[in-house]
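One structure is given below, encoded as structure tokens.
Going by the order they are written in, the chains are A, B, C, D and E; count residues from 1 in each one.
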């Protein structure tokens, strides 16, 4: 297990390096940010001076090595736009994004798994129909559209929740619902199909042959095995929520990373784009790693098979 | 448009520069006057900004939302007041040499920075040096001064290369924030950026990136009795719908840059008034005679006039701005120095356009390249589409079958390198009350973004740029206005109105046409 | 070199180890499954050599390794005097027509997206035998030979029953006129009444076409029925090899004895009286085989030598090979009566 | 002796995309206390479906028990299992009727310890506390021959070999001391040496507990060694029912006869060693067709016009011996009347 | 022994004709109402796309700014001339929605085609060749999966510019790793299957095994995946439009229409509602169809036919 973990960590580091290289050169392909950074009225000399000052006129490979060396020192460079260390900017935004993504995910998980298991165990029932409908709607309603509707109904008309920002403890509700809705749809569907599949497993027949009640079969036998199927999906959804909250963060002015990324990308803020891409990739990769570990914890077959 | 009838102009605000500000929703203005301003700063004013400010250090505050925050923290030597007059700020008085290149400033005494250090002449020098740093977006502003010398603690002399009519009005008022020299030496630009220390009415409490910029009243502000609110918070909300929702729910007091249509929604809402004012920004389709346009029909004056006739700009304004934009007559706008009010906008006359085209030798029109940026300006993609439609109607087709839309970053790269097609859409704003900067930027021979230049235009630009006398300069502007109308280097489109929604508790707030905020006199009715 | 011209296939020291690996970018070996460990066999022209053993004993791996479907770890296989180990891929492909295989899982062995005609004709197409018309005719011929109606030529595997699918497999294996066929548990997935049909078909084809079979199965009765000689495997090793009558009438190895005693006989009265030796526990894992004689952990006779020394595979009697230390004397390896009821482990 | 279970005219069908599968077409049999009843048949003969139908363990949908009775009686109680609600029948399952399934790998929940899987039914039906159930389980594990049972309580199924897992399954089946254990091909997936162990274990437990065992299998060899009576099933019907000795020595249904001749014998001597196996030609019946004739008729050498016209009922042909055939093999001609 | 009456059905197969197969598909559809709905909608959508010029009452690009923002016919001020109303430039909503079908299907179809081809080829090579090649390909795939999607999209949009082809390319590239993963998994499974072993033992060449055995059996799972991904791409297109990075504004794509209509959601709701509904219905269609295809094409589920 330890050695396995170690190899996985080393692999992950290589992946990160790959991500860095790809992102660095991709971002450079868009041209340099001078036009976006320097005022329109500025004379050509100032544009050149800016390039010089930012080091954009150096060969790409030199810029890359410089960048790489910086990262090894924990220095992701300064944001061009904010003229602050990129790392600081990210760390400032990170908690909000994490918070939003986590709440959205938890919301999705709790609702989806409850409905999925109950519905999947009773195909054709009202709850099952609800689950199927949720599953389909989750995947057919654009989340930014939903976000606007939520604001209209719950913030403006009913006044139950704030319309933007992260000021109070209930501020997270609307964005989390809007963000998690798609994931909830996905999870309901998967839970349902996992449950349907597990219901056909021999060990469920065994459990039924023991005369265990429906509820206990669901709670003990189905849930745990279904969660095996769900762990990787949940991890994918989580990384999706972490990296994909941009629309929602923009609409709700949520002070998170998605917002920052959009600005960085719009402004060709190379160091910031790179650093954010690095961090998001880092979390995606770390999540994959954690998923594997989670599997080992949930599935006894993996834990002991070394 | 049924809705529009109800929002007719109710009240004109008196002051001159902002005379075009309309209160769209009926407000009992008298009530505002009745409320007594508090003696000490009270309450919290919450203002939304439509983008995330990149910086609140003036020379690097890349656009209006950022500089509006910076305006509360920093001050320059001069200030342009609500009437458009240059008045003393940190400089009490100044003298200008005969040749117009030497300025001697007497600095205000007793001004303190937020960190408690007094403001003196060496701070002016430090501010100049910090402002010149090439990593600043507006470094060129500081560079307009060739030398800055300390005469004594409260006297400074600045030298410019040539007479500069905008030096006092523009450079020194807005773009040149005064920073404490010792502090700058200690922390550098990055430190200034992070922990701004200015002389302004408000000082920074915290900047939660992406969430809020919180300011509080600076007790030792030199202008006695100001500011009036204890706390001033800026909240970035990029999504228009959310800004409207938030002002409706009372979560913010002032929401700016609202789309005309959506602003209508606020009409029935209690405690919110909606105002609109023209912003000094011209939208246009530019012609190119420097690179890509050479040898194309657009070099012909008749063709360019035809284009101006071909487009139903009123329809565009009605459809896309709910009628709230002004037809543009040129590069000089109604609020600008030297604006010639007698010039009528080109009418929509497709027949005349076709006639002109035929006269120019293109009875069946021709094909030409056109490009527009996306994601840069409100509704501009749709404006371009509409323009394209009207041009099609008079026989103009586009290379590649359609208008090229480009992501704005890429677009400006190409524009700065003069690599855009012969026709391209853009806009240019100024905050100086006159058009020099945009004339020079878009038409000047050595300007990066210029795509059109003629000897005649260049001559006018040069003369305007060195004429310090306002009346003389105004005349030149007027002549140029006429010339650029007759021989248009642009298809003039419109100057949009800006809508703001304001909570009625906000008192003594006057929107300025340049969309710049100075909030030290604003207070909240009933604030505790 | 193969001396005896009667011998079609000679397997020498066949070993097939499967590495247990971990990791995806930097895989490394963490263990070895010794699926087949040092097996030597001769298969004679025209005979059926049965291979029996419990699951995991390496009998299927042996069959596949002979046909080079698994690359063995070390070995020599002579097929008609040609050492297959020295051939390159193309040469091997050219030899394939002569050696074919019939698989246990008749469903899996048939591509679900191919019609019967395509499946049976595929080997012909691969080896460029004849025109499309000739292939078609040959397919019809083969289908008739194995008892399938030619009219079914356009059907797909899922439309057939298990027995019919196995007939399709047989027809496919016969397509190129092979002289050696490895039958890997060809009937164990079939119903009893169908098993007899397939076995009879195999026997008849052997008679007709002069085929040589390596018949792998775990059903001792069936192996006995069809084979001329039988090899008994346990944990990757051959324990005993002899003529089928010698092997079942007078098994020398304790494992063979217990194996055949464990097979129930469909004769109630007889079955109730029969003496049986029931082995303890399950076979050990091939990834961690016992030392010495691999059978010693379950052998009722095991002595110290069995734990330490690997027994030699010897020809104890003419044509009767066995790998057991205790078979030096005639009776040494017979399981004594008193162990008969030692069936339970507690 | 009163039968503990009487099944009458049971009909089960599956409604699939391709049509209706007539899985069980009127099955009748009795099960007596403490006996071992072997149910023999090929795949698709309906042997498992019959047993699963009785206790509502077939997947529904697509399966549906469409008729018949299954009277389960012990003591004074007698109830038709087919009429019980799911909640009622679930107390019969596990409590009164235990199950052993074919594949011990897939039949155990991979994510639960084997101990808890056994203890589960005790807490459910016997009302044991967790610790009671635990100690009983440990005892039971020891009883089914799992050494070191205290420690093995917390092991997971994948730690066990196939034989051990089947012992666990057996422990689950007998955990609540049921009246009936239904063993559905319990040794098919196992090696022959392990099969012998399991057969012995079940026999021993049966003696200890006096439970009736229904042993479903296709292996006539296994049946010979353990059954008291045998049901032979074909095409969703019982074609022959007899005490074990009778069946092997004096089979009356052509299918049974053919089946017995089709298997080679390890103890064969002399001529039998080289003899060709006799073959039942043809393929098993197509269950998508409704049964209107003898299901075996298309493969039967004796079939005559009546066999093609109606389904033969189980006819008494000897003591406790029934055969569903219109042809009298003994006499060599169609049976009189019926 | 009496002469046998003709055997009925037991030993005979009915000839499998295409009519029968079609009837079988029909039965499969009949059983699954969702599948049926999806199937019918799918046909309708495809027909709409093909015959858009015939069906659409107006030129979708024809502007009439003087008749902009007209409500749907049944609302006050609407006219049946423009049954669904007009947009901000006075173009007919109905015609634009109809033509939008073309854009969405084109994006979905070709996006999936590119993603599928790229993914399938790399997955095939990785799965079949194995070893270091597998490691290298999957390494790249994992890098691509770990990079935030937005970074990719923005960069590609910025380098290549906004047009339909580039949107298709973006989706094709960013989506291909999913296909690669699925393909690889399937190839690994199929490679171990009996029929591939059987083909090897018959002396089949690598090419034959790949193209005759592995590829045809890959099609089922990949078609199912493709269906879901097409639905996802229609979504992505809307998301890209939200960021102003999708097809040029002049193209009547649902995403563009939604993006423009978003700001008028409360005043001229039809401008955003119709494209929203169109997206939702199309996504629903592909999801239902995908569900059904998965049931039909998944051989694991076929087994339950016994």
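One rule holds in what follows: contacts are C-beta pairs under 8 Å (C-beta built on N, C-alpha and C of every residue); 3 or more make two chains touch, one makes a residue touch a chain.
Every value quoted in this text rests on a predicted model; they were computed, and no experiment measured them.
Interface comparison, C-D against A-D: more C-beta pairs in contact at C-D. Ranking all chains by how far their C-alpha centres lie from the centre of chain C, first place goes to B. In terms of the distance between Cα centroids, chain D is separated most widely from B.
Per-chain Cα centroids separate chain A from chain B by 38 Å. In terms of their C-alpha centroids, the spacing between chain B and chain C amounts to 88 Å. One finds 53 Å separating the Cα centroids of chain A and chain C. Each of residues 14, 30-31, 148, 152, 200 in chain A touches at least two other chains. In chain D, the positions touching at least two other chains are 283.
Residue positions of chain E with contacts to 2 or more other chains are 139, 154, 158-159, 243, 262, 265-266.
The part of chain D that touches chain E in the complex is made up of residues 16-18, 21, 44, 282-283, 285-286, 289, 293, 297-298, 301-305, 308.
Residues 13, 16, 135, 138-139, 193-195, 197-205, 208, 212-213, 216-217, 299, 302 of chain E are the ones touching chain C in the complex.
In the complex of the two chains, the chain A residues touching chain E come out as 14-16, 18-19, 22-23, 26-27, 29-31, 132, 136-137, 139-142, 144-145, 148, 152, 200, 243-244, 246-247, 261-262, 265, 273, 276-277, 280-281, 284-285.
In the complex of the two chains, the chain A residues touching chain B come out as 30-44, 46-47, 49-50, 52-54, 78, 80-84, 89, 92-93, 96, 148, 151-152, 155-156, 159, 162-166, 250-256, 259-260, 263, 266-268.
Chain E contributes residues 61-63, 65-66, 68-69, 88-90, 154, 157-159, 161-162, 243-245, 248-250, 260, 262-268 to its touches with chain B in the complex.
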